[in-house]
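Should a chain be cited, it is by its letter among A, B, C, D, E and F, assigned in written order, with residues numbered from 1 in that chain.
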């Protein structure tokens, strides 16, 4: 996806140039993993024009494999982003109808070939929100992964401005999530996708969410989707557009694990925060086997750092994440 | 329309920002006229989002009336422009499918109200190329203008990458052009829209066109569309992407008028060259009544200056055009 | 007025470009009102050169009427702004002597024509500080407004670096303020213009002002200028150049109303804060008739948002102000 | 002086930043000389604010002495520059009324002290055009220089938009020029300042001037100002704003010397062309004693290079000028 | 290598930012080939820091294989580039001593592994100019290539400012060139490396070289290095820094082939012109087997286009080169 | 030294331009002093190329004397700086090996001449860390200063990534520091240079240091280097990369003086913080004779302001520092 945003804190009507970032939910996760040294292929559909080529080049630059990318369709999806500050939130305008990925059709991707040698498949709730075709391809992929023993993770990622092709999330998402081993989602995702909701949480109050409320949602999710071994959520406290708190919880059936809460006092770019969490989580689960707390800590620290990085993707190394995870948030100059 | 282009001569894959210009065929003509002090309203359909609002603001800034603009649809059309130099031509990638104007439907614009007090209506061949709806609305407008005694002009403006909705130009354009009093078009337009063609002209040779060839096309156009009182064409000689020659001819049934040929040796931005010619021509025909030569001279000088202006629109004054038209092409500092 | 400022936090001597903003006290109020959908005309005098034209275009772009603007004089006033941070305050260098507005003379503006159909006239204390001519024209306007039943508001806006034409504020301002129905001013304005002062307030301490002190000033102002129905002041607490607190109080003869205090923790641009308050207040008084608290709340929320907008003018919508006014300061992404 | 210009070829109304250059006639000459290793002091009056300080810093950076600069006055003069291309000339808007130099008064500069150890004094016709005070100070300087045996040179530099303080050039300039040993001026200067004019020259035709016409002007100047030992003029042929021809002639009473004509086919910035010529000429006359042809050749080559340098000042070295003067205009990469 | 250059035509002392380009002789050739769809690996040594990583990422982005890159050494070589115009040539300042590649030692690269599956090896005369180690590794590579039947090409690329490690080119180059099948070099290379020289050519005169002179050099080279089947040279005519002519000749023992001469009238960036020629030539020789004329034409057209591309590398496609090669230099907009 | 940094908070791999700053430890101190009106000469060795010249020009612009600068060597040292935020610290990559200053040799600077008329000499621990030659020259200078009665100050400034020429700090620094009258250093400097260390301090915890610990280090330093009359240290509390606390302590043998602690809540650029402290301290000790508390207060306030200034050098005036020192940290607009 192509992101276009006015420089600094300018409003759209003040800009005569837009900063260009190529990213998007799944590709952000892929870039995170490539930065951590995990071999990763990004599977998508890109238009055969220079803008599509630029998106592909950005993936390649970051070390993400692009051999499974299908070319076709008319356009790359676009979103316009105006960066907010303090009490003025950032603003997103989607222009992604008829993007190459949304006009994909069942059968265009040979999932058996894609999964050859793969051990993990990640998808997000944004894809099936785009079109019936995208939802179909998602289901194909999940079923193939399940058959081939590939672990499946999802970030539920509800987006109110999508889901315009005539289907409700509740008609599509359950079939997809059923095949997932790891589920990342917040309370809004759970409510909008499956009608589940925590109690007594007002997300506009700038307070960190009550973790008991999350536990209740996690348990409900786990009951509904028994294949899932781990249910995770991020806890964002929106004190302002410039200052958030950030933490995570993980429920694995046995334990309900929490992390410390970070103060992100001078946000550079909060877009992609969830994706960077997911990237960190997958790395953590792969790397710290049998230590869900460490995996979760890595995910939270990684995504905490993301808020200091411009763009959608989290351009940090394992070493940087582990330094923060180890407790050094001092931000001292490394020289 | 939103134009996005890499700074300077960068290729798409080298840019991490795009320059932003709001423009488009008819709006460029409107801006020209507003700069010349002619009261003008721009009629279009813009989406109700900030990007649509930015396009509207640009019109308002330039003194173009925006009261007849209809709001609706999903998106503003986009085109990506990479600026070429010397032997590398500029490159345009259209991303205008499903733009607000292309999803317009018959009846959305009350043309009687629009034309109340108006004396001139201008449209271009780009609009009917977008969709059946846009073509229908064009026809409505032309018929209303004809009934109300409003002069109608058109810039045929053939664009090969448009015309994708299942109709050929030959099925649509003749009905529209029949209602026109003034026709601007080049040899390619005549050929692609109506199957007419001049002889012995190779547009890639960087040579100024043979004016006899043009005269033949003009006469054919005039025969086919008898309402048209003036047939005009621009003569662009593409020596390179940086150096063009530029002139114009006008056939009014009696005379075949030509202008001097300008050497545009250091092109700043050639997009909108034709639109600026049209803007100059309308001004000229309105202002130098009964002097087609002067009107044509104004049009050519105006559009010659356009090639020195960044963006799609021609931001020059009558005084500046008349100075060049008067023979002073010395480009001396005014101080 | 033309504002020139080094990019980011650069000092003047570090910049080799200056950001350009066209604005100024009254025009900022006008832009606010236009953004809220209130029809508004900006009355000023601009030089007949391209720089004056640019200022006019910016107004037009923002939807402010420019038909009453008089053209003449030699130059547009300029101010240079260096943006501070933390303990380094922003720095303003005025270069506005002999601006077109300061060389205006009595009789150049036909106030009866200007006020035809108008219901509200707003002026600021900056205008009479420029020159005798500007002060005279101000008085003309106020008297005409009073005669024609047009509500008059003022922002006292004392500027120590102006008032250089040989008159003290105390010789000029009282006559002008006598004709006002709504007065916005802070303790410094009251003291410097009329010799009134609150008690025990040290504006450099970064503490929010004591509201009792303000009440005392408001009452004194109301006694001195009995026509005024509402006296309002903003309460800025300067914790640092990057972090201010912000609130407002209004005294309407009966009640002394206060708002909540906002923490503006990451200021983007605090210039125009007072103007944006005034714009919000006029909108509020017009829109929430008989509910001064709501009008005041709107004004404070509007100007709170201004601090997150680059430039002099407050580019926000009623919807955005009402969201903040309704208590949502979370700055969450709108997508 | 502060120069503010839109980036690239943008028109004023398209820019939201202005490039900043500190320069001006005499300071440009000073910078040229400093670049050539000649010890030089710049004498002017600058306001005591940060903008004045920036101008001083730029001089100091370039190695020009600033010890003789007087501080005072209200503002630094400003000019706005819009850069043209091809048939659109650059545009200058002056905003220099009431600049610090224009409000200078006789006696503010101690010329005896300034000239202590000096051998050459250069002034331009811009200074006496600003105000009576500036003209008076100019005269003081010239008289002191004459008394102290300091060579005096002038660049007549007629500017139609100046000379607004009630005196005609013809009332002021003759007394000043009488004290000069070296006079640089073109045909327009001679005509506007002294009523002298060459024959049959149309400066808008883009043709190089007829050198006989110049010879006639030079002779007339020499007769009128017998102290002058050398009369020099630049010959600019304005083929377009992007392409000029450039040459010079020198008349020393005996010989009428000419240089080769340079084709400046891709002008980067032609402002300061004359000043760079003067800087080169002074260097040449000082360095190639008794070889006026070489001095003239150096001046022309130096100013030819200036057209490739952004800004007002000529940032080239003696080595670079001599390379071009020696005939190598190939512009090959030096590596 | 990291290239740092002031924006536009600014001199070093005017810039407060430098544009960043990662490139260099061999990598430019590699990028060209990748753009033409040829699988290519870039073999070099990069430091293990973020700057080295950036260089690697740029290669990867462009589709060049980076698996054979060795990491080590202290720094990435740097060069500073100031872009000239008209009579002011571009200026290069090298800062490449102790770069990672110059401190490489024999044996660090396993050439057998590198050449596994390879058919072509290209090196340039810049590498052995850096250090004894780099020269040694070059020789290793050439010998391995010869043994393994890999075609070897070289661009002689003499650089006067290199060759500082105590050896003369004549002591090193002959051994290396002996193993080459294809040699690209101009008259300066031949003279400085091997003492061969054409007759009567003055490279500063801006005239295209006399091709007979080149033929004589080519023949001498072929005699001296009998393995070489093709000797090629580019013919650059430096009319000015902004306008060059460009052509090529090839001698294959039988024929002496020439191309048309291109007028490159508005150069964007001429650095990398030779590399882009080499990239085009290798592609041409691989693709148009047995048609040296076509290969040469492709090389010249490709490098002609390079002069319109910012940066060191030639970012064009086969389709674009073939269009120009086919005679269309009109630079018309592709839309 | 040349500092190259990506704009804003971009990571190296996201930048296609680098901001350029010329600075470095001792030159930053020199610029501070020049800003305070203290005559100062900067003594260093710069390469004879344009990059070296740019560094020299920056000094000259800021009013620092450059007459004692020696020219020679191959290159200007470079460092790359990536600016961090919140929990991501800034990152420095040094590329200063073989810089002109590091290849200096004993005897290249005539210290007697340099110290003619001087009263104070300042050096930092960075210089002897570069090379044996630089260390030798440092020792020469200190010995000459001692002999000539010039006060000597040092900033110990330990840099782990330097000290690569085969000597340990402990072998070099003691001899140098023995000649110093004023020593600035923090706990890390004391430990790494002399093996001294405070107790119980964890510099990564974001807590302000315990001043007792510092007192212990100061006393140890004073015992070890009895010539030193004042031992000073800065106290930085790294709450995050965006928010630091800042204070200072001074031990003069009698008293252990402390300052208030500043909250630097929105850091613009923390590089050069220590240098700006030193510049303030020297000014303070010179200006507030016999009032070490005031000198220390000035140093802390000055360096507090530095954190709001982009670049390495502290561009503030005495007036600005004294305003903050006087307790006004409100950052109000000065207008």
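Quick note on the criterion: a contact is a pair of C-beta atoms (placed from the backbone, for glycine too) under 8 Å apart; a residue touches a chain by one contact, two chains touch by 3 or more.
Just so we're clear, the structure is a prediction, and the values are computed from it rather than from any experiment.
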item	value
Label of the chain whose CA centroid is most distant from the centroid of chain C	E
Which of A-B and B-E has more C-beta pairs touching across its chains	B-E
Fitted rotation between chain E and its twin chain F in degrees, CA, nearest 5	180
Interface numbering overlap (same over half, different under half) for chain D and chain F	same
Between chain B and chain C, centroid-to-centroid distance (C-alpha), Å	43
Mean-CA-position distance for chain D and chain A (Å)	62
Residue list for chain B, restricted to those that touch at least two other chains	11, 13-14, 16, 57, 61, 91, 266
Sites on chain D touched by chain E in the complex	61, 262, 264-268, 304-305, 307-311, 315-316, 320, 324, 327-335
Chain D to chain B touching residues, read off their complex	8-11, 13-14, 84-92, 94, 159-161, 203-206, 238-243, 266, 270-271
Touching residues (chain side chain A, partner chain E) in the complex	57-58, 60-63
Touching residues on chain C, where the partner in the complex is chain D	4, 7, 11-13, 15-21, 49-51, 53-54, 57, 74-75, 78, 80, 82, 91, 93, 95, 97-98
